[in-house]
Amino acid sequence: MIRPFRMRKKDIGAFPGELIYEGDSSAKKTKITVFDYDQNTFSEQEVTPEECFQFKNKPTITWLNIDGIHDIPLMEKIGRHFEIHSLTLEDILNTQQRAKIEVYENYVFIVVKMLKYDHDTAKVDIEQVSLILTENCVISFQEKEGDVFTPIRDRIRQGKGRVRRMKADYLAYSLLDAIVDNYFLILEAISEALGKREEELTDNPSYEILHAIHKLRSEIIYLRKAVWPLRDVTANLDRGEIELIGDDTRVFLRDLYDHTIQVIDSVETFRDMSSGLLDLYLSSISNRMNEIMKVLTLTASIFIPISFIAGLYGMNFNPAASKWSMPELNTPYGYVMVLGVMLSIVIGMLIFFKRKKWL
Amino acid sequence: MIRPFRMRKKDIGAFPGELIYEGDSSAKKTKITVFDYDQNTFSEQEVTPEECFQFKNKPTITWLNIDGIHDIPLMEKIGRHFEIHSLTLEDILNTQQRAKIEVYENYVFIVVKMLKYDHDTAKVDIEQVSLILTENCVISFQEKEGDVFTPIRDRIRQGKGRVRRMKADYLAYSLLDAIVDNYFLILEAISEALGKREEELTDNPSYEILHAIHKLRSEIIYLRKAVWPLRDVTANLDRGEIELIGDDTRVFLRDLYDHTIQVIDSVETFRDMSSGLLDLYLSSISNRMNEIMKVLTLTASIFIPISFIAGLYGMNFNPAASKWSMPELNTPYGYVMVLGVMLSIVIGMLIFFKRKKWL
Amino acid sequence: MIRPFRMRKKDIGAFPGELIYEGDSSAKKTKITVFDYDQNTFSEQEVTPEECFQFKNKPTITWLNIDGIHDIPLMEKIGRHFEIHSLTLEDILNTQQRAKIEVYENYVFIVVKMLKYDHDTAKVDIEQVSLILTENCVISFQEKEGDVFTPIRDRIRQGKGRVRRMKADYLAYSLLDAIVDNYFLILEAISEALGKREEELTDNPSYEILHAIHKLRSEIIYLRKAVWPLRDVTANLDRGEIELIGDDTRVFLRDLYDHTIQVIDSVETFRDMSSGLLDLYLSSISNRMNEIMKVLTLTASIFIPISFIAGLYGMNFNPAASKWSMPELNTPYGYVMVLGVMLSIVIGMLIFFKRKKWL
Amino acid sequence: MIRPFRMRKKDIGAFPGELIYEGDSSAKKTKITVFDYDQNTFSEQEVTPEECFQFKNKPTITWLNIDGIHDIPLMEKIGRHFEIHSLTLEDILNTQQRAKIEVYENYVFIVVKMLKYDHDTAKVDIEQVSLILTENCVISFQEKEGDVFTPIRDRIRQGKGRVRRMKADYLAYSLLDAIVDNYFLILEAISEALGKREEELTDNPSYEILHAIHKLRSEIIYLRKAVWPLRDVTANLDRGEIELIGDDTRVFLRDLYDHTIQVIDSVETFRDMSSGLLDLYLSSISNRMNEIMKVLTLTASIFIPISFIAGLYGMNFNPAASKWSMPELNTPYGYVMVLGVMLSIVIGMLIFFKRKKWL
Amino acid sequence: MIRPFRMRKKDIGAFPGELIYEGDSSAKKTKITVFDYDQNTFSEQEVTPEECFQFKNKPTITWLNIDGIHDIPLMEKIGRHFEIHSLTLEDILNTQQRAKIEVYENYVFIVVKMLKYDHDTAKVDIEQVSLILTENCVISFQEKEGDVFTPIRDRIRQGKGRVRRMKADYLAYSLLDAIVDNYFLILEAISEALGKREEELTDNPSYEILHAIHKLRSEIIYLRKAVWPLRDVTANLDRGEIELIGDDTRVFLRDLYDHTIQVIDSVETFRDMSSGLLDLYLSSISNRMNEIMKVLTLTASIFIPISFIAGLYGMNFNPAASKWSMPELNTPYGYVMVLGVMLSIVIGMLIFFKRKKWL
């Protein structure tokens, strides 16, 4: 399915850095949740925009998650308070961004795509997640509620794993890791769908399967478009030039990079596979056509000649007109001989087709 | 549609740097408009060539927009006054240029393509825009009147956004940004057209759709040719080696670069999609052929054999000639038995086709 | 065949570095074997996990081979004792890894794929092997028993070749070399299979061959996915930046790199070849269809016109009704003339087809 | 058309640097013309080889043009006198060279392809031009008379443009520019041919058009082969590492590089376009086949069943034999009813085909 | 034709550097010939292995050519004496090597493929040649007798060209040059074969041609595989980092590099061309099918309807049964009118087909 290209809705009159929300505006009220923790303390609350500003300069690690980015005045307020560049805010609101990383003086800005595979429609659902990493704060922006971060929330709450012991950079890594880990679920779903299509193809190459493969292929192309830029993002994070990212987190980022490459590798393999399925479909169709034509040709080639003979002796030439007028009709064995001729034509044809390996 | 390649009309006798207009000569009289402003003052006027020369050394920011580049003596006059290299002038007049950026001692020269999508003809209309950026002056050359700069003009007039507060380099960026922003409109139009074709394909793969897809694909190829070189242009602008471009503008140029990459990404995806549609069309046609052949084969394979039998007993062999001459005709149940044989042939055939899954 | 993509089973709640086995859990009990040797001494034994820890600091070369990686507490114990990073352990357990090399402070971690070609199912069987190379120890992790290292074991036992005289890095190289050498067996098997398919295609392009080629092609794609990353691994080993690898081993690593390139080259050639076979199949099918249609067209075009004539004179218009009512039927030579007309139609058709080169 | 690959005729016994002419030997007598000029003086003459040697050390700019390179002793004489390396001479004579640039101690050697499009045969005619650029001398070698340099000659004669004011490097640039400018004529011709083919395709996709497209495509492939290496040549010239090329000429070389890229871009677009045309042709053919088959299927599917019914009642079973023997024939309304049955079959079929959208 | 992949026969038990011959073992006895020369002296002889060792330290240039590499003890003896690394020896014996160059402390090792085109089988015959270049010695290893070096031998014998005046590096270059020069013969043969196929295709696209093109294409793929790595070899030789290669030889190596690029360019063009031929074949087949179907459809569509009419009036309804029972049969002009109807159907059909441009 060709996905409608949602224009950057900013009407051409907007100036650069002007904030216009370009995503789905039917989203509900913006919801801000705060996780504030260090190795020993932990608090979790839903806050109003004003309340969240106090966390900016706290020495503890703060994770601000914002669900719903359509409330522009609110976004501007947050942006002003956390000293976010207006272009960054514009990028957060533009939900057609490629995955990218940008290093500003006081923060790192990361955009990635959070993917979900909808098994019913066989479509990959794409949601944009923006992360802002500052000294001891991570702000995550999501288009709507519902995400893949539940396990991270649990780990923070329970103090499991490293996350409580490490800095904000590790938290940012954890969020990215959760998103990339989720890609594997999509890969699994696609691989399964491909396998099912292949099986169906072998059984009975119907027109519906063609459309299903075509749809799968479109999804793979969109997936590819979403995943490739991620490679540069993770490679950049891993490169060690970003001050806000510490050495102890870097080894995990290398792991993240590996996972990204693994995802890209698989997407490319799936692309090859889906092309292979299309080829197989076309060949199957050609083959089936051959089968059909063979049956037609066999039937027609055998019966048309003998039907002609039958027709010949169905002519009404008057035997009485002359002795040249259909004398066979009155010969005692005429009928039997004609049957014999027909039989030998049939046998001859069968031998001919046998030799051609059409039988 | 294959677009005619307009030769660089400079007849081979022209020497390098000789000015010959290579675009559409039916353009109207050249029109020069001047926007002269700084943070506090602003003036807008249409001027004669002579009048515009006074703006060269004014400390305010001047935007000279020239619509119509076919008046060569005028162009030479402007070139001489603003100290533009003759090769630059030649490039401005050559409307088949690739997008490019060239840094001269006292100015930066940028060529880009301004695209418009004509919904009626489903064609991308390409117009070349050349920009000359000097210390405090931007000169823009357009083939004809009508452009995508209206919002920028409004912002200058109303002092909205940053444009009045910043330097000429930001103005140049704003013009480029407006052009690239417009590309998104084209992408939207193409994505819509692709989606519509896909839907039609699923409904009824007619020959007209094939031609429509072929045309779309040609447009995408031309779009691709226009957009790719832009990547180098914006990357070069962003790289920080051009003195005329200040650090405060550079962050916006990075944003421009991101948008360019986004456009290129989408164009590539569209290319993949249009190829996919062609494949789908071909498969649909093959499939439909199969359907047609199946009906033919079924009809023919069932009726040809039983028609033969009917023909057989339509022969006029004289039953009186001998007892071997069509004795069936006089058997009491001959007719019923023949009908029975025919019926069993039909049933046999139907079972055969059922087994082959052709029914 | 599309291989199911086995998800990284780590449920999304796992934190990075948490150990979850993601391979086939039906594997048997973990088995640890130790080869401990230097130029003069040699011992071989199967040990318990606790026993194996003593080898960590021995000055002799120790090869610890671990078959079965599903026993997570055991893996953690080994990891702790040999100071293996938790991410490394996670990678060892994640059997969907790409081949990769990672240099840690005190060890080098290498993941490669060990391939086996199953002649019966015509499938490439992929098993992941992880190597840990420390100062004087090599630890190899395999998913299950059965490997390609038998000749190396023999060489260590018998003191043949260089292996006893050199360090642990040479042992690691030997293991990698044995794995890559084995790839050549797979290439041989695939080349053989391709050759056989090609032969069959020339003989009789049946539908089964199409599926066989499709399957082969899928295998080649998977092989390609497994082999390409190996290039970076061997190139990195060869580059001379890893302290644990001595100069005397490096010349062998260059050789290993050459072999890897050779494998990749061949895989690419096979890909080309399999595409060629698919093209050939499609062309064969088209060609065969042509043949079939020719026979049908010839038969039909010759007999349908003359059958019509026969049918014409089978009409029952009453000659008595008027002299315009089928007077031919009573002409003395009517029958002979009709036969003559039919014959000339047949001859005319044959000449026509001869000219068209369809005969 | 596949162009015969003319072997480097040097029989394998020739040693490197041995001169053997590998082009068309039917060329006429070698003709040497000299343009000797500076800003004030100018002379033009046809000279003998001996006469041309005097120009080597004159301070004026000298352009030696040599038409015909088949006279090997003459070439050797010239080579010796102007101190040209024997490998350079070998390259000049080998007319299958790729475009290339080689910097020797005392001269720069450039090989390019001069292209002409022959409208009658629709073929691109390729002639090799070699340039030797020394301090104040340009020697050009052409396979035969007739070139694209007439406008340059005129400009030198008339002192128009920069050429008389500048050095030998600018003359060399001018020659290259004239050759590349000429490529645009070829692009125009090809674009025109492609457009014409596309139009014909839409009208009537005949077999001749297929061959025409195939031929065009071959020409584009050869053009591509000729043009791509030129990119490196002009990039190298532009790079500023060649001492013999002054800074004032370099800005023109950048322009030349741009033109080369423009040519390559267009050639690639044409390649895409010609592939698109082939796809369109194939689809048209498939579509047309569909049309044909539909007509056949419709006719056959409608008439074969009713013909059977007609045949059925043409059987000669003797109604007198029993009351089961074709009683219909004697029913008063039998004939009308049979006609009715036939009519309802026809209508049924038409509805069926209408539903299938085949009508 | 898919060439069997000859496994590196070294059974997996062999240790790295162990010598096992992997080529065709049916080769005859190893033959060693020595060319020993300097500018003034020259000797040529066939020697035993022992005799050849004396040439190692002679100040004259020595070319040792060894035909037949299957005698492993002999190879080991030579290797030991000339201080050749065991991995180099292993590579010499492994006849499935890619072309490569390796620089050792005291020698340079080069592997290339010597190609011969067998016109009878239309196959490229590949033989591996290994060269060892030391200070003043070149050792060449060939799989079997018969090579492309005859002209070099002649030049050494007769003192023609530079070879006697220069060092061992020039001799090595000469051997490589002779091998690459020979590639041009192959290109010529392939281009000829392609041209011939294209001509045949235009005449009559038979199934044999398809197979011939497929075979040619396979050969081109193998050729490509053999030629591409040569690029790196010659580029490395040319780069000036190898001490054993003098500056005076380097200019010739640049020439060799150019030739290699020329060969690769042509191989790529041939690949494109052969793909084009396959496309042309498929289109031809489609086209021909169209032709065939048109004839069938025309014949069938014209005659089936009128045959039905004839059949209709061949029915035996008893006119005596009622006045609705085939009254036409007794109308005086019934027959003539039926003939008229038939004629108008035929004419109508012809007009229909004419309009569809099928006639």
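Chains: A, B, C, D and E, in written order; residue numbering restarts at 1 for each.
We adopt the following convention: a residue touches a chain if its C-beta (ideal position, glycine included) is under 8 Å from a C-beta of that chain, and two chains touch if they have at least 3 such contacts.
Note that the structure is a prediction, hence the values are computed from the model and not measured.
To overlay chain A on chain D by their CA atoms, one rotates by 145 degrees, a value rounded to a multiple of 5.
As a whole-number value, the distance joining the C-alpha centres of chain D and chain E reads 25 Å.
Within chain C, the positions touching two or more other chains are listed as 282, 286, 289, 293, 296, 300, 304, 307, 311, 314-316, 326. If touching chains are joined by edges, the resulting network of the protein chains shown is one closed cycle, each chain touching exactly two neighbours.
Taken in ring order from chain A, whose neighbour in the chosen direction is chain C, the chains follow as A, C, E, D, B. Residues 148, 150-151, 154-155, 160-163, 173-174, 177-178, 181-182, 184-185, 187-188, 190-192, 194-195, 198, 202, 251-252, 254-255, 258, 261-262, 265-266, 269, 272-273, 276, 279-280, 282-284, 286-287, 289-290, 293-294, 296-297, 300-301, 304-305, 307-308, 311-312, 314-318, 321-322, 324-326, 356-358 of chain B are the ones that touch chain A when the two sit in their complex. The residues of chain A lying in touch with chain B in their complex are 1-8, 10-18, 85, 87, 90-91, 96-98, 100, 102, 204, 207, 210-211, 214, 217-218, 221-222, 225, 229, 278, 281-282, 285-286, 288-289, 291-293, 295-296, 299-300, 303-304, 306-307, 310-311, 313-316, 319, 326, 328-336, 338.
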